[in-house]
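In the two assemblies presented below, chain A is common to both, partnered first by chain B and then by chain C.
Our next item is the complex of A and B:
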């Protein structure tokens, strides 16, 4: 018989752990939806944002908040640079999908190698201690980090929803995502839409790495595994439906946590790969989250 | 001298790997990066058969190739029937997932690796024998792939890669061609794994991670994707290049990432300034002629 408090504890821990996974999944899904690129460079950008914050805070002694702010700027600069001088060149040449894939993957690995050369491969965290204060509510341990992570994620998702639904840039992004040629015909700057997409993606990625880096240690290759999670969530959450990817990331995190009841802990890592195959085989176009259509629907006015 | 002979063994193995990878990605147009896992399956099959069954090395290496050949279908059958992009994503998951399994199984040696693979060549000429074997097998693989692609079957492959819709409209089965290409390429990688296991007598999951995929991709892109000799040139060049850096006497913690930085920089440079690689595919060369 499963103890209810243990069950609730696992659900809570899974939910809080899904916070950064949601941000990575939404960032990946957003670029896929608007720019139409499987952005595997996201793993490298995740590593870059983490080590930028680490260098500024842990090595140079800047306050954490300032380090996060500068980390965001560095990641935005790297993302925009990659889009303008890399992806844009490939788009102009009408390069095949394979070239885009090789480019994004290689950028990711280049950054991982470069960071390993500079910072080494010893695991490091953003703060000296990754322990956080805890509160016990009805027998469930709720850490301050959990509350902070869930609040930050919820606020960012709400802001993203408002941005897409209410601002002109957001609506232009939606128009470009639907049909870039038609959007261009109506005078919308596709390049600007791509730029805004990468800026938002960089903000989400850096915030996700801040949350992860204050809870666990990182090596330059850690983000690759985390990005695979984002890819699976994107596939599961109805490809290109940004908030579907977020829901899928939460579901995946909970399933991974709850799997402890049925399989030994050392095999938990495999669940992700099983999901990947099941998704590809049975849900190649993703799971249709009808209940959340309001969130995923594209704004009609552009 | 021993050092140069060991390098020749490695060059032979990587020529097999890069040429077979080029068959899949360059000629077949199948976007997969899981080639190292078939290399691993070949190495582990050969290693386990050598340790537990003591069968003839030739049979063990062939068994490694056969396991890789059939295992490739576990990846290609579900993902190829949907679309090309899915193969890429599933290939990453397949590679990392199988490595995760290998890391947790006791009979494969787990994360610490599989050691005590029996030595099949004794004496001072051991490396020379392996160098000859690996280079002969590499030449055979390059020639087989060339023979496969220059005949009628090669024209079928080119037609499928250039316009799959038109190819299917002519009543041809593109899926079967893709499956066959993927299986043949993976089978060759399994054979390379067998030679690798016998030569080094120790294998571990870390040797077959995504970084290995990056290295093979670099060899193919720099050498010339879709050309017969490109991957051979790419493999030789990228195995010789790190030797030049080794004279800089840098610490190992810097050396390995530096090699990675050089590899990835080369790929980026080639993608933008010479996308056809060092040796352009024959078709493109022909197109350039007036």
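Our next item is the complex of A and C:
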């Protein structure tokens, strides 16, 4: 018999821990949807954003919020630079998809090595202490970090939705995501759409690393290990469906947490690989929920 | 007439050539150094400890050479990076044995020690494990010896102390799912139960995990009197932080890897009462240790990460120097076979930072276990288990 309080605690903690995973998955999915690139450079940008904030706050003594703000700007600059001078060059040469993939992977590895050379490989957190205050509500432990993480993630996702649905740039991004050639034909600046995409992605990624870095220690290779989660969530969330990726990230986090009831704790990490294999083998184009619904809908009899 | 002219020229040429050969030989002898290898993580997640341990060894080599080396010959330490990764460790050690032709090398991290053992045994090069604690190290072959007590020494001492002295009848174990975690946890469990205690929860976590709620809630449900964590420096603070936030207020113990000021820095009050082990003497146990710590503060402006490990790595070159000295006195060439012969013949060594070392025929060493606890934000001595 499963103890209800334990179940609720795991659900709550799984939900709050999924916050940064959601941000990484949405960022990855957004770039895939609009720019049509599997942006594995995101891992390098995640590391860069963390170490930028760490250098500004822990080493130079700037207030944490100011460090986060500057970290966002640095990550935006790096992302835009990569797009303008890296990806655009490959687009101009009509390079195959494999070249884009290799390029983004190399950018990640390069940034990880560079950061290791500059900052070393000692595990460091963004703040001196990784402890946060706790509140007990109906027997469930709710930490201040949990509340902050969920609120920040919810606000960012809401703003992203409004931006895409209600602003010109957001609608142009959607148009470019659908058909860049047609969008160009109608006078939409595809380059600007890409720029805006990378700016949003940088904001999401930096916020995610702020949340992660105030809870756990990071080394330059840590984001590379976290990318797997973002990729699986993107595939599961119907590739390019950014809010689908968000839901998939939450679902994966909860499944991993709740799996403790049926499998030994040391196998929890295996769950991700199981999902990855299943998704690649049976849903290489991503899980299409509309098609899935159609397939499972019982046909009406005459 | 021609014959008379040629002989002096030939004689002169012969004299010049012999002179050149002899002077080269003399030069070569003057430059001759006593080589040994050091394969440690200089990059990667374990470089936190590895880099400081290499520095300690480098200081030892400099100190030995400043006093004239070994019978006038200087020690030369060849340092290679393993990243604490078995495959990179194999590459490094292959280079040490095949290219640099060292008769002895020092390495650490259980996974690396085990991975390179076949090379040491096949090439008959003495492998000295300094810092790794997997009990399997004692069974890795004729050419593999540890100078650092294996897990059964400090972890079993801690388990017995927890039951007999602290009076804790039940304990839970959380361990990282790798070689040191799995083996160390098994030893703690075995010794705690042998002493009369009961292990009420035994939970592993993935090497890349950052979320431990499920396992911790299982531990909480088991209601242990003591919690032992067998992890690494990167995850132990997170485990304890999440433990405290979930309401687990039991006393926590871990092994020597937790003896790191950063653990206290990250956890603050949550670290109070934490018990850690140390297999190296402290400032009050060895008169050389205060000077060693002072040297770190003066040159690096901090204490070393993993002070006990750096003490052992400082002593590593002194042990190698003692082996070379034995070979020199017995007029034996510097081969791995002779190095091993020197080690098992001498058996007893007096080392500056860690004191007496006796190498057993079972490839193990026994040392006192020093227990420390966190009290008011500092590590203070708790007990010594001999």
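Just so it is clear, the second predicted complex is superposed on the first by the 284 of 302 C-alpha atoms of A that agree within 3 Å, B and C clash if a C-alpha of one lies under 4 Å from a C-alpha of the other, contacts with A are read in each partner's own complex, and residues count from 1 in each chain.
In this text, a residue touches a chain if its C-beta (ideal position, glycine included) is under 8 Å from a C-beta of that chain, and two chains touch if they have at least 3 such contacts.
Bear in mind the structure is a predicted one, so any value in this text is a computation, not a measurement.
K.L.:
Looking at the overlay, does A:121 come into contact with chain B only (first), chain C only (second), both, or neither?
P.N.:
Both partners, chain B and chain C.
K.L.:
For A:266, decide between first (touching chain B), second (touching chain C), both and neither.
P.N.:
A:266 contacts both chain B and chain C.
K.L.:
Considering only touches as defined above, state whether A:63 meets chain B (first), chain C (second), both or neither.
P.N.:
After superposing on A, A:63 lies clear of both chain B and chain C.
K.L.:
Touch test for A:130: chain B only (first), chain C only (second), both, or neither?
P.N.:
second
K.L.:
May I ask you to decide whether A:217 touches chain B, chain C, both, or neither, giving the answer as first, second, both or neither?
P.N.:
The answer is second: A:217 touches chain C but not chain B.
K.L.:
One more residue to check, A:9. First (chain B), second (chain C), both or neither?
P.N.:
The second partner, chain C, only.
K.L.:
In the superposed arrangement, what residues of chain A touch both chain B and chain C?
P.N.:
The overlap between the chain B and chain C interfaces on chain A comprises residues 116, 120-121, 225, 266, 269.
K.L.:
Please name which positions on chain C make contact with chain A in the complex.
P.N.:
My answer: residues 43-48, 51, 177, 203-206, 208-211, 213-215, 217-218, 221, 233-234, 237-238, 241, 244-247, 265-270, 305.
K.L.:
Mind listing the chain A positions that touch chain C in their complex?
P.N.:
Those residues of chain A that touch chain C are 3, 6, 9-10, 13-14, 17, 116, 120-123, 125, 128-132, 134, 136, 141, 143, 212, 215-217, 219, 221, 225, 256-260, 264-266, 268-269.
K.L.:
Can you list the residues on chain A that touch chain B in the complex?
P.N.:
38, 89, 95, 97-99, 101-103, 105-107, 109-110, 112-114, 116-117, 120-121, 224-225, 228, 231-232, 235, 266-267, 269-270, 272-274, 276-277, 280-281, 284
K.L.:
Using the touch rule from the top, collect the residues of chain B that touch chain A in their complex.
P.N.:
25, 29, 31, 33, 78-79, 82-86, 88-90, 92-94, 96-97, 100-101, 104, 210-211, 214, 217-218, 221, 253-254, 256-258, 260-261, 263-265, 267-268, 271-272, 275
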